[in-house]
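Naming follows writing order (A, B, C and D), and every chain is counted from residue 1.
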Amino acid sequence: MGTIAQPVDGLRRPNIASADVQIPAVTSYEQVDREIISTLGFTKKWLLGLGVAILAMLVGASAWIYQIYWGLGQAGYEPPVMWGVYIITFVFWVGIGHAGTLISAILYLFRAGFRTSIYRAAEAMTVFAVMTAGLFPIIHIGRPWKFFWLIPYPNWRLLWPNFKSPLVWDVFAISTYLTISTTFLYIGLIPDFAVLRDRETNPMRKRIYGILSMGWRNSDREWRHFAKAYLFLAAFSTPLVLSVHSVVSFDFAMALTPGWHASIFPPYFVAGAIFSGFAMVWTIAIPMRKWFKLEHYITLNHLDATAKVVLFTSMVVGCAYLIEFFIAWYSGVRPEQEFFWNRVFGQWWWAAWIMLLCNMALPMSLWSQKLRRNPTWLWFLSIFINIGMWYERFVIVVPSLSHEFEPWQWGGYTPSWIDMSFLVGSFGWFFMWFLLFVKQMPVMAIMELKEIVVPKRKHAHDGGHH
Amino acid sequence: MSTEAGSGVKRRDFLKILGATGATTAVVGCSSEKVGKLIPYVTSPDNTVAGVSQFYATTCKECATGCGVLAEVRDGRPIKLEGNPAHPVNRGAICATGMSAMQGLYNPDRYRQPMLRENGTLSPVTWDRALEVLGQKLGEVKSRGGAGNAVFLNAHESGSLPGFLDQWLEANGMPAHLSIDSAAPAATIATNRAAYGVAWPAIDFNAASLILSFSADFLDAWGHRVPQQLDWADARAKLEGAPKLVYIGARRSLTGLNADQWIPAKAGSEMAICNAILGQGTVAAAATAADVPEATISALVAAVRGAGSGVLALCGMTSPDAVECGQMVAEINKANGSVGTTIKPAAAHAGYEGMASYLDLVDAVERMAAGNVPIAFVRNANPAHSMPAGAGFADAFAKVGFKVSFSSYPDETSELCDLIVPDNHWLESWGDAMVGADQRSLQQPTLEPVFDTRSTADVLLAAARADGTIASRFPQADYRSWLIANFAGGSSAFATALTQPTIAGSPVAARATRTAVSRPANAATGEGNMFVVVYPSATLGDGVGANKPWLQELPDPVTKIAWQSWVEIHPMTAKQMGVKEGEHLTVKTAAGEITAPAYPYMGVRPDTVAVALGQGHTAYGRFAQNVGVNAYNLVANGWDSAGNLAIGAMATVTRTGDHSPLVTTEGSARQHGRGIAQAMMAAALAGPDEDHGHHDIPGLASQEFLPGLKSPVAADAQGEMANPLSKDKGQYNPDHPTKAEARRWAMTIDLARCTGCSACVTACYSENNIPTVGASYQGRALSPVTWDERPGANILKGREMAWIRLERYYEGNTNTENEFSPDFEARFVPMMCQHCGNAPCEPVCPVYATYHSPDGLNVQVYNRCVGTRYCSNNCPYKVRYYNWFGYGETDRRQYAWPEPMHWMLNPDVTVRGKGVMEKCTFCVQRIREGENRARSEERELNADEFTTACAQACPSKAIVFGDAADENWSVAKLAYDRRAYHVFEELNTYTAVVYLKKVNHPAPAAPATA
Amino acid sequence: MQGVLGAFHELDTTCHAIEDLKKARLGDVTVYSPTIRHEIDEAIDAPNSVVRRFTLIGGLLGVSFGYWISIWTGDYWPLVTGGKAIASWIPYTIIGFEVMVLVGCLSTVAGMFINARIPRLTTTVGYDPRFSGGHFGIFVSCSADKASQVEALLQKHGAEEVRREA
Amino acid sequence: MTTKKKWTIIPGFLALAAAATLLSAYSGASSSQGKVVEQPVKFIHNPHVEKLGMNCLYCHSQAQKAMDPGNASVATCMGCHTLVKTDSPEIQKLTEYWNNKEPIPWNRVHKVPDYVQFPHMRHVNAGVTCQSCHGEIQKQGAAGVGDGYKPVEQYASLNMGWCINCHVQGYNPSEGARLAGMPDSVVQALKSEPVKKARYDCAVCHY
C-alpha cells in the first residue's frame, strides 16, 4: 500500500503528474529502466497465451473465408434484423478503444496523476481495439471485396461515396481515429525506443530499435518540440475521442427505428465507451501488473482513481438507460413505448437484465474503498462490465430492429456458429496484437515515469533557484 | 546509388525489377474476359426482332375456367404469362396458378422423353420404340376382345380434345373416357344441373344486394376464380351500393374474411338454416343445429326477405348432404325470384360440362381391382395422390394389364405406369376450351417443345393410323390439321381466329354421352370429438401446383404459411388442449390420420379443425416431394347422393408432443395502432370528409402533403440554411433539358377492391426474376458439415424475397384464447416499396446505391450496392430484401432456377447475385421500355400506356400505377380520392403509394340491425 | 563539429552549469536529459516551439479539404437522397471535423519531425547512451581554444566526466 | 553494396507496383479500348459502306428497334454474294457457311457488362450516328483482305465515365456527322444545332 508522498519542496511540479498519486517506491531513473526493460523477455506463459490468441484468430479468419464464399446467409441474420453480432462487436471494440485515448490524451490535459503508469498499455489497447473494430465494417457487408467504394478515390466511373451517410462518416471517423491513436502511441514511444536502443545488447534488436527511435538523442531541442507536439496531439485526440463514438452512435441515432432515434445516443455511447474501455484497462493491467511485478508502478492508488472514473461512468450510463425509458414514456409515440417495454420484458428480456445488472448494479460496489483497492475484485468486475457492454449494444441493435413500425415484419434473431466464431476471432486478433506489443515495446512510458520520479540532486533542499 | 564497381544496383537487377513491375501492371491492366459471340440468323424470320417480345394469345388450361392468356415470347420462348385484356372471361387479369404455368413448362423434373418399364424400372426409350410398344399393346387388347373394359382417365377440360378422345376410343372399341377433376366443386355442379339445367350458371355480383355463401369460396378455389373475383371487386367498388356478403360455414376462408358477416354454422346444420330461411323450419331449430344465437338466424331470415330478387345464395359444401343443401339453396334463389337477375343460367359457363362424378371413377377403380381391365390410360390426372386411400387406387391400378401415362410429370400415378408417353405442356400444344355455350377460346403453342415430348392427340393419331383397320377414320396426320379440317375457312381463317380472344362455335367433336353410375349415398361422418374441414388450397389446388416453387413459396392467402401443411385449430381449443403454435397435432378420422403442426386460427369453430389439400406428395419432383402431408388420407371413400366425393367428417385430434416451427411470413397479425390498414364505414362516405378538410394543425403530415403528392424532391430540407452552392440541382432542375423532373411515378391501391388473393405477388416474381428460397436444398449450413434441409428453412429465418407481400391484419376479437366470437374483420394490405419522396433508406446508403430519381422512383442500383443493409434497417415499411446467398448465381448450391427453369428469366431485369439489396422498382424496366417506345415514335407517353406487372395481373383491378403529376393518367385522379391515405404518414416519408381506405358494411344479419 | 561534453548525475548541478555557460557565452549549448525537466527548460530559456504553427495550418487545411471534397463530389454528380439538399453542409461538418483532426495531427507530427530534425540517419556528436538512462549531458560546441575554459567551468559545477568531442 | 541499400529494393519494387496499379485503374487502362478481334470471315466495311453507300441498318437491321443491333443474316450476305466476287476466298468461305445452312460465328467486339442496359434504338433514334461510338467504321478494311487487313476494333473505351460525359455535356451532332463522313456542308449546318443532353442518373442504364 504505497503511501501518498507529499510534493518535494523546491522542485518544479512535474510536467504531467499532479502531486496526489506518486510512485514513492521508485527512487531512481536506472531503477525505472531496469524494471521496465525486464518485462520484455520472452516467457513460456507468454508464448502459450500468444498461441491461444493466434488459434482464436484463425477460427475467425476461416469463418470469414467460408462466409465470403457462401454469402452472408451463413450468418444468423433474420430479416428484419439486418444487423447482428458483427455490428454489436464492432461498436463493442470501438467502445473499448476509446478509454486508451481518454487516459493518454484527456487525462494528460487534466494533468491526472494516475495516468502515467497505465497510459501506454491503454493507448496500445486502443490501437489494437480500433484495428479489430475496423475489420468488422468490412466483414458485415455483403460484398466485402467492394468496401473501397466507401473511400472517395478518383475512378473512371466518376462515382463518389455519399457523404450524407453515417457509414461514410464512420469510415472517416474510424480511419482518422486509428491513424491518430497510432501516431500518438508511436510519438510517445520514440524516446522509449531510444532508451531501449541504448540498453539493448542484441545487435539485430538494437538496429531495429535504432530505426524505430528515428535517431532520437534526448536533446533539449527535441524535448521542447516533443512536448509541444505531444500537447497538440492530446488536444486533437480529446475531441476526436468524443466525436468518433458519437459518429458510431450516429449509425443508430440517424435511423428512425424506434429505440435508436434519440439525441441522447452520442453522450450515452461515449460514456459507455469510456466505461467499457476502463474495464478492459483493468482486464489487461491487473494481470500484467502481477506477472511483470510492477505493483509499485500501478499502485492501489492508481486502481482507486480508475475505479472512481468507472463508478462515475457507470452512473452516467445507468442514468442514460433510465432517461431513455422516461423519454419513451413521455413521447407518447406508441412504437417507442412498445420497444422499451419489449426491451425489458420482451423476447430478449434476459439480455436487457444482464446489461442492467452488469452496467448499473455491480459497479455500485465501487462505492466501498476496500473493494476499489482490491485488484482481484476489480478484475472480475471488469469482465462483467465488458459482458454487460456487449449486451448493451445487443439490446440496442437486435430488439429494436425486430419490433419496428411494421408489425407484419416482426421477427426474431439467433446468431449462428459463424457469428460466434467471428466473436472469438476478434478477441483472438486483439490479444494476439496486444501480447506481441507487450513483449516488443515497454508497457509503461519510461520517459514519463522518469518525469515523476524525484531526480538526484546534490543539495537536497535548496534545489535549483528560480 | 554509388557508381563504384561492385556496389549499387546493377543494371541487370534494375531491368529485372522493371520487368516485374511491368508484368503486374499488365496483369492488372487489360481485362481478360473471354470473347463473346454474335450469332446471326441464317435466314432471319419475318416480323421477329431479336430482343423484343412477341405476344401470342392462347388459353390457360391450369383449371376449367379457360382464361385468355397472352404469352410474352422473347427470342423464341415464353418468359411471362399475362391476362388477355380483350378476353371476356378474365378481361386482362390472371391468377397466381395461371402465371405459375411457366414453372410447369420449364419444370426441371418433367419427363424429358418417353419411358418404358423394363424389368421393374422406368427407363428412357426412343419415340419409335414407345409407339411400337403402344401399337403392339393396343393390338393385343383388341385382338383378345378386352377393349370394352379399357379405362381412359383424363384431367377434365372443355373444348374439342374430349370429343377427339372419345372418337379415338370408340374407334378402338373402348368406352368413353372419364373426365375427372378432384378439385372441382362437383356437388355444386350436380345441384346446378338439377336446379338450373346447366353445370355453371353465370353469377352476377353487380345485380346482387345480399350474397349468402354456404362455404362457397368463390375468392379461394371454388368455381371460376378470376371472373368471380373481377365481378366481386367491381361490385364492391360501388361502395355504398355494394352487395353485402354473409359467409355461413365452419371455417372462415379467404371469401369468409372478405365477407361482412361470418355465421359459424356447425357442420351439417346448413340444411336447418335453409329451411328456416324458406320458412319450412323454425328459427329455433336452425339456431340449435348451427350452435349460433337465435337472433342471428332471425336477422338472416329477415335480411333475405328484405333483399328480394337481390339475393344470391351459393352453396359450395362437400359434406354428405351437399346435394340436398344445394337444392335448398337453389330454392332460396327461386323463391326470391333472383334466378335470371343474380343467377343467369342463360349465360352459363361451359367449363364444367361433361365432368365425370367421383362414383364413375370409383366404379372404374373397382373394375380395375377386379382385374378385368386390360389397358388403362391416364393423362394429367393423379388419382394415386388425389383420391382417398380407402378407394385403393394404387393396388387396383397394379392389377391392370398395361398402364399408359400421358402425364409430363413424374407424379405418383405415372410412377406406377408401364409406358410414359409424355404430353406437351399446354403452352406447347394446340387446342381450345369452351368458355360459353357458343364461345370457344383457341389455344396455340408458344414455343418448340422444351423436351422430347409429343402432344397426346398426335400420339393417339399415330397409333390409330398405324392400325390398318381404323386408319381410314383418321385422315389427318396431327391434331392441328384435325382441328382445322372442320374449321370454316380452313387454316388461314384458323390463323386469324387465333388472334381473336374467343370465337363463336362449338367443339369440333362433341363428347360421347356416358351413362353416369348412380348408387345410393354411402358417406358417413364417422365419430370423433371434433369436426374436420378439408378444403382445396387456394394456390396448390388439390396438389397439381405442388411442384412449382412460386406456388409453394406463395404464402397461403389466409394462414400465410408456405412450404408446409398445418392444422388450423381455434386458439381457445388449442389452449384447452395445451397446444402452442407449431406443436404437432394428429387428426385421426375413420379413413386415416395425418400429423401436422398446429396453427391457432380464430376463423374456425372451436369444435372444428381444418386441413388444406395440396401437399404430401411422395413423388412429383424436388419442390413437392415430402413437403407437408396429404389431407386426402383423412377423407373416406364415400360419396353423396349425386355420386361426388363427400369430405366432411368427424375426427379425434390428439397432441403428439413434438414441435416444428411454422414456416410463416407473418410477424404479428395485429396493427398495434399503427394505422397501416385503415377502413371506414360505408355510411361515413356520405358524411363530410373530416380527414382532409381543415388545416388547423399546419405541417400535420396527413393533411399537408397529401394533395402535394409531389415530395419536396431537391427542395432543401434545411430550407434557407441550405448551401447556396447547391443551386445546380442537375436533373432535378425543372428546366433541365431532359424534363425528367416533370414526372412523378405513383401507385394507388384500393383496399375496398383488394381481396388478398396474392396474384400480384406471383406476377412480381415472374416479371422481376425474384428467386424462391424455400426449397429444401436452399437452406443454410447449421454446422461446417450439416445443411438445414427442412423445406422452407430460409423462410423460417424470415429471408423470403417477395418484393410485394400481402399483409393480413385482424381487427377486433382480441381475447381469442378465452372466448369464441365470429365478429372479427380482416384487412388485406399489399405492401411494397413506397418510393418515398423523403426516403429514409436513401441518405444512409454510403455508396449512392439507392437515390431518388428525378421522376420520383426510389432507385436501387444492384451493381453499386455493397450490402451494408442499413437501408433495410432504416425503412419503416421493411420492404427491402437481401440476397443472403447467390440465388442468381448458376454455380451455387442455392441457385433458384434449376435448368431449364432459367429460360423464363426476364432478360430486361438483372438477376441479382449474392450480397445485394433488392426491392420493388415500380417495374422500372417497363417504364424504360415505354419511354423508349414513345421516343422511337417521337411522341410523349400516352396516359395509362403501360402499367406494372402487379397492376396488370390483379384480378380485382385494385392496383393502379401511373404518372401522378400528369392528370390524364387515372392514378392522378385516384391519388386524391377522399379515401386516400399514406401508410406511416407521421414519419413524413412522402410515399408515392396511396392506399384507399377499405369500406366496411354493417353485418347484414346482425341482430341489432334486423 | 568539435566541442566539450560534460556528464552530470544531478539535476541542480546541471541547471547551474547551464546558467553559467549561458552567461559565459562560450558556444551554443545542447543539453541531453533522460526526460523533460522544467528546470532545464528554464535554464536554457529557448524560444517557444514553432510546432503550433504547423498545427494551425494543418487544421485549417484539413477542415477546408473536408468540406470541399464533400460538397464538390455532391455537386459533381447531383443525386438527391432522402429529400436532402445535394450539397447539404450540415452532415459535411462531421467530415470537415474528422479531416481537420487527421491533417492537424499529421502536420503537428511533421512539424515536430522537421523541427527536431528527426529521423536522423547520421550518428550525432556528443551523444552518450547514458543520457537516456540516468545522466544529464551538456555539450558545448566551441573552438579548441575555448575548450579548456568550458572544461574548467563544467568541472567547477561537479561534472562527473568531461571529455572533448571531435 | 551495403546491406542497407539492398534492403531498399523491396519497398521500392512494391511502391512501383502499387503506383502502376493505381495509375492503370484510374487511367481507364482497364477498359478494352483498341481491342482487335479476329473474325471467321474477313469482312471489310469500306467497300460496302463507303463505295457502295450501303446504310448501316441494311445489315444491323435491329439498331432502331431493339437493345442489340444484331448482325446481318447469312441470307442478307448471299443476297449479293451469290453473284458478286464469288472468286474471292472470303466469299467462298461465306458461301460454304450458306450451303451448310450454318450461321457465321462472328466474334463480339463491343461488350458492355451484363448489368448495363444499353438501348441501341434509343441512341439511333435520337440521331446519334454509329460512328460517334464505333469510330470511322466506314474506313475499316480499306486495305483489302491482304496482309494490310485490320479487322473491326473497339474505337471507344465503353467505360462508364465515357458514356456519362456524353450524357452530361451532350452529344454534338456536327461532330457525329463529321465522323460519319457526311459532306462538309451538313457538318457546318449542324454546328448551329444545340447539344443533345440525356438523363444521367443510375436508373437510366442500370435496372
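List of remarks:
As a working rule, contacts are C-beta pairs under 8 Å (C-beta built on N, C-alpha and C of every residue); 3 or more make two chains touch, one makes a residue touch a chain.
Predicted, not measured: the structure shown is a model, and the values here were computed from it.
Across A-D and B-D, the chain pair carrying more C-beta contacts is B-D. Among the chains in view, B has its Cα centre nearest the centre of the complete protein Cα set. Per-chain Cα centroids separate subunit C from subunit D by 61 Å. Averaged C-alpha coordinates put the centre of subunit A at 57 Å from the centre of subunit D. Chain centres here are Cα averages; for subunit B and subunit D they lie 46 Å apart. Note: centroid distance subunit B to subunit C, computed from Cα atoms, is 78 Å.
Within subunit B, the positions touching two or more other chains are listed as 731, 840, 843-845, 848, 851, 864. Looking at subunit D, one finds that residues 25, 30-31, 164, 200-202 touch two or more other chains. Across the assembly, subunit C contributes residues 74, 77, 79, 81-82, 84, 88 that each touch 2 or more other chains. Touching subunit B in their complex are the following residues of subunit D: 1-2, 5, 9, 12-13, 16-17, 20-21, 23-25, 29-32, 37, 61-62, 64-68, 70-76, 98, 101-108, 111, 113-115, 117, 119, 121-122, 125-126, 170, 197-204, 206-207. On the side of subunit B, the complex with subunit D involves touching residues 1, 6-9, 13, 17, 20-22, 24-25, 28-31, 33, 35-44, 49-52, 731, 736-738, 740, 848, 851, 853-854, 857, 859, 861-864, 908-910, 921, 924-925, 928, 932, 935-936, 938.
By the touch criterion stated above, subunit A contacts subunit C in their complex at residues 11-13, 15, 28-30, 33, 152, 158-164, 168-169, 172-173, 175-176, 179-180, 183-184, 187, 190-191, 194-195, 197-199, 214-229, 232-233, 236-237, 239-240, 243, 247, 250, 447-448, 450-451, 455-459, 462-464, 466. Interface residues of subunit B, counted against subunit C in their complex, comprise 711-718, 721-723, 725-726, 728-732, 837-845, 848, 850-852, 990.
Interface residues of subunit D, counted against subunit A in their complex, comprise 25-28, 30-31, 157, 159-161, 164.
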